[in-house]
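Chains: A, B, C, D and E, in written order; residue numbering restarts at 1 for each.
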């Protein structure tokens, strides 16, 4: 009985784990190349889920076909945020940024205060438009300042800054999607049958999601191993000085790997909707961010394939440990599986910070 | 140097000018609301703000204002966004009370945020109306100004179990699977007590964490316990997940009832056929047949728009094609309660208002409204809705029925 | 050990800053809650800065210390309210908060302080989330049901006192914690601890070779910072709001707020968290009022702008400006 | 072939190069000598474009290429054998070499260049499928040189190729450098601290110190000048 | 009695033997050089002596205390000081603070107050002649100035043994001569043993050291007084990078 449940859970865990693994590959790729932990990771998954949802609802496009669209959206978002926010912090080349003088600071602060004072007396109806205008104005102001001051700093990317910038990017995405689609939890129903295995039941959509994840992981692996572009990115990860003398445009590789990472993450959002096509809302990403951190560490923070493997392990452990904890009275097994996975994270960070795969 | 000195002089003045806001007109009744428009409770917060606005519009344009002190004064609605954060609730609430001089305050969504604001309201002795904090414990804390419109959590699944008892007395095996949150837990405790009282056998009782992404392990466990009816849920997102994954795992039961999620329009939209036969307890539902005639027959005061008028008002208020759900209806009913209380007592004094609210009973499109001594809502009964052919039908209580319950629910195909 | 008084001049602007804040809160009617919220942000920044700013380690799970501190006070009131202890209970609560946060920081320190950079940040997130799920999963202290103890406080102290405790004295304690945090920061800066932390922030290996027991000094800063956070949780959250839910107190966005505050003001400076806390608190408050529902959308790009264009923070820039002027010795 | 005019550059607030002038003639070995910290590596990186020039000019084959980024310089046929190897340690020897042929023109001649490299360093052919991180120091240096050759450069700059190698290997490296000049016809700009060996191999020598050129001349001239040897070379 | 005794110390990194069964002694107040080509294991040997990482095998005894398992900071308290090849001052701290940190936490650290350490720092700033840079952040100094700050910082620790990692690298011969004189002076005034590590600069070794240890591929090749060591054919082979027959010729 317990054995049956355990094997059913493990099987489900394996299938889910492959999707989790895929969802973490982008995070690992970005960390591997830029040494940036993308705290806004979950928001990009959310964007993917919305892409899938919108395409299904608007045109009845099955999620499988939404994958290339999501990937393209992800790449575009990646480029946008890389050049808009991250490049000044992580770009390996160039000399220092001029620091802004106090007049500019004063002027900026003055404009903002003036805007706030004006807005205080605005009626509610204008607030939406005003907020959007203000948002756009800030973006433009920012772009303008970035253009003037060239934005490159001397010190190496401080974690603090990159953590906060990626977090803010996540917030921008969440809030924009909220304004566009409200915070309603949505979903769609794409049913194409199920596979009954006795110990558990697996809908074909889940199997496709899992298979899709595996395919993308394999494709990424091949891309890294066999193509010129993939080799270039690997070379940057391994040694950017070496890559530079080979004629690789390292700056561009940074941009490319960030947007590829985001592309993969957004794509994984589509795969997740194949697995779970419901509960899609602007704030759905948070838990995935945390999970992805654990998974990425399991696989070695900087390794995309490690991440895939980590996803499988995570799926197995999380689902498997449920059955274990369910044997104890007075515990809430589900919460305990979460506790357990974070304990696992700490243990791995302590004993094997390079991940489970890598042999010392 | 001189210029800098000047700035140093001017800045504090500006700051003070900014802090001390202009006084507001006294001849209106102002509702202050630190709403949760972003953050974790943004969805419910958006509904609530729309609901209050809709009711305020109705009062001002249809009802003609609030009759107090011999003249009709308009209702004014002031809301800020607390971002679902507790510190913001206190500071914004105080601002509403002191700077904006509101007549009455509304609590933000969720029991936690409601609790966060309660001490401030108590300190200023202003009525604090709770439309989104369902915890029974709020009303055991000795707050004097907190008044609840939403029904207490422990009553959510009571009607569901009573229904099963009545229409299928031989069904015994109940599984409880709720979200691990304070609200869902109070529902679960109430349901468990009621189930035991009615002689059900509780074969499964588990919770799952908030913001869960995958319920498979729990549901496999649930499946193994072979229940006949499953009740549970917690929020909007996990409810959809619950239903979807039950279908994925082919867990077919005679009844599935989910709190919060199943009663919302988005539930059916998201799940399509899979929602067929799924039930949920609700405070209010589009389709509930509360009417002015019914109220008169029951000998109760009636106020407010009819249901259809209300839906139109709501859509106008939010400016989107969005249907109101019970979060909105609760907030609206609260406005109506306020209007009646002000008119009845002919006063805007907080203590008088609070006392009048305590004595008030009325009916609106939302249903009955009555509170006990502690401020807890006791006059409102839940309805049970069921998804039937893509529509939400009210199936229980019998006198509110818009359709007969489908029992047992059809299997997932 | 003590240095000449002149070395402690920078506490004056801090004192003045908090004094003005406190004064406005007392004098302008109806602003006390805002002021106490600002004080909370300043204190949060000060406490966070004490570790992060001085060592360069980013503790992303910092909010866990506020969380256990909140539980410290909550446990004291919830379980002791009928023992007739009176206000001693608050003292016990504060002590429990300090003890809980010390214990947690020792545990985290033992595990995570060996890690650096992103690994440290992720490990601390893990501690925060893990702790929350442990409380929920093992049903510790009522699990997810949380503890609501407004009634307990009224029973123990009487209605008036209970009210004054949560609506006034809790905030006064927050001010106290904020000031204490500033004093600790300056004390550390002016004594060996500060030099050791500077050294290890700049180059941990070189610091070891200089004879600095880096683990010890990291732990000192970490524990101090954690205790301050615990006290802050006990006062600003438990005593003031009279309830605690695990999801509420282990919410990671408070860590993000702390980071924003410190960065706005300038990491590693004494005055920075106050300036950052004020800027953050005031702009957040007014954005919530003028643009309810949109403030995060407006705020997020501003944050990015500030981080990219002003990495040193307000006080960092100010420090450069006053270098060589008489103001120099007041501002660090 | 390469002309550097009054080049200035540095890192952040620190200026390292203070306007050195130098020339590298086609098909010759030009050697830059000088103590550690003289700015030799910075000079090479500024020529390649990895460090931005602040003032001055880099002229390659008659074109001003000062502003071009590193990857564009590699396209033009300038490459660098960096100090400290900077191999892709997790990749095999073969993959490392192929990485060198990253630019399209180089890729077309991949096989030919590989043959050349394997004939220069037969051991690399044997170890082609071994991860480069597991090679010995000397073999790693061979891979580094090979990798740079794979870019099909016209000008190859070598930063301390003999650093940390056993004497026998140092000799081998210098032999290879001379073969590259004679058999492949490459222009070589060599930075070395091993003054003796470097003087033997070079056609023309610059002595660099504190970011400027202090002396120049044929190896014979430099060797003959006790003053230069005493003051800058320590031999 | 010797100040420091290294007994059969071995250190491996993965498969690579970085230091292979080294044994030698350092006497009180002597000037010694460890010489060898890059990769010979000199830096590893330094790291083993001052405890950046522990030895795999063997013992290290400092003034009769077995410090083999001591962490770096404890060895510093006992009196082992150290400078790095590429200077590593604490960039954001001022020159004065940098040097004071050495005093505060070094051998006499427990008895020295912050103010005393500052005075000590002023003393050493005078010695290295960087008075005009006293209150500047050390990150903005030139490499040579950084090196001096680092030496002063190490001296402020009041060590009995000072390990100098390539103190003369990157200097021109004139500077080298000055540095050599400076080091000798320090030895005399402070009465400490100084071990310097040298890779290339022959004149420095000849002028500075009284005794030379030559390392080759992790192992001890020669341990002799300077003049003998410099004319030893084995040394000429590995160190001068020339085969013995040419050197003899």
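Definition applied: contacts are C-beta pairs under 8 Å (C-beta built on N, C-alpha and C of every residue); 3 or more make two chains touch, one makes a residue touch a chain.
Since the structure is predicted, the reported quantities are computational estimates derived from the model, not experimental observations.
Engineer: What chain is the most remote from chain A, judged by the mean position of CA atoms in each chain?
Structural biologist: E
Engineer: Taking all protein C-alpha atoms shown, work out their mean, then name the chain whose own C-alpha mean is nearest to it.
Structural biologist: The most central chain, going by mean C-alpha position, is A.
Engineer: Among the chains, which has its CA centre at the largest distance from chain D's?
Structural biologist: Looking at centroid distances, B is the chain farthest away.
Engineer: Using Cα averages as centroids, what's the distance between chain D and chain E in whole Å?
Structural biologist: Using C-alpha averages as centres, the distance is 31 Å.
Engineer: Just give me the whole-number Å value for how far the CA centre of chain A lies from that of chain C.
Structural biologist: Centre separation, chain A to chain C: 29 Å.
Engineer: Rounded to the nearest whole Å, what is the centre-to-centre distance of chain A and chain E, using the mean of the C-alpha atoms as each centre?
Structural biologist: Whole-Å distance between the two chain centres: 48.
Engineer: If you look at chain B, which of its residues touch at least two other chains?
Structural biologist: Expected reply: 38, 42, 46, 180, 207, 209.
Engineer: Multi-chain contacts only, two chains or more: what residues does chain C have there?
Structural biologist: 133, 136, 143-144, 289, 291-294, 296, in rising order.
Engineer: Could you list which residues of chain D touch at least two other chains?
Structural biologist: 13
Engineer: How about chain B: which of its residues touch chain C in the complex?
Structural biologist: It comes out as residues 19-20, 35, 37-38, 42, 46, 79-83, 85-88, 90-95, 97-99, 112, 115-116, 118-120, 122-123, 135, 137-138, 140-143, 180-182, 185-186, 207, 209-210.
Engineer: Under the definition above, what is the set of chain A residues touching chain C in their complex?
Structural biologist: Against chain C, the touching part of chain A is residues 31, 35, 37, 84-85, 88-89, 97, 99-100, 102, 105, 112, 116, 119-120, 122, 127-128, 130-131, 134-135, 138-139, 141-142, 145-146, 149, 151, 153, 158-161, 163-165, 167-169, 171-172, 174-176, 179, 290, 293-294, 296-297, 301, 325, 330-336, 338-339, 342-343, 345-346, 349-350, 353.
Engineer: Give the list of chain E residues in touch with chain C in this complex.
Structural biologist: 50-52, 71-74, 76-77, 81-82, 84, 88-93, 97, 100-102, 104-107, 109, 113-115, 153, 157
Engineer: Considering the complex alone, what residue numbers of chain C touch chain B?
Structural biologist: That would be residues 24, 28-34, 36-37, 40, 133, 136, 143-146, 148, 150-151, 154, 159, 163, 166-167, 236-237, 240-243, 245, 247-248, 253, 284-285, 288-289, 291-296 of chain C.
Engineer: Which positions of chain C touch chain A when the two form their complex?
Structural biologist: Of all residues in chain C, those touching chain A are 52, 58, 60, 111-112, 114-115, 117-119, 121-123, 125-127, 129-130, 133-134, 136-139, 143-144, 256, 259-260, 263, 267, 283, 286-287, 289-294, 296-305, 307-312, 317, 321.
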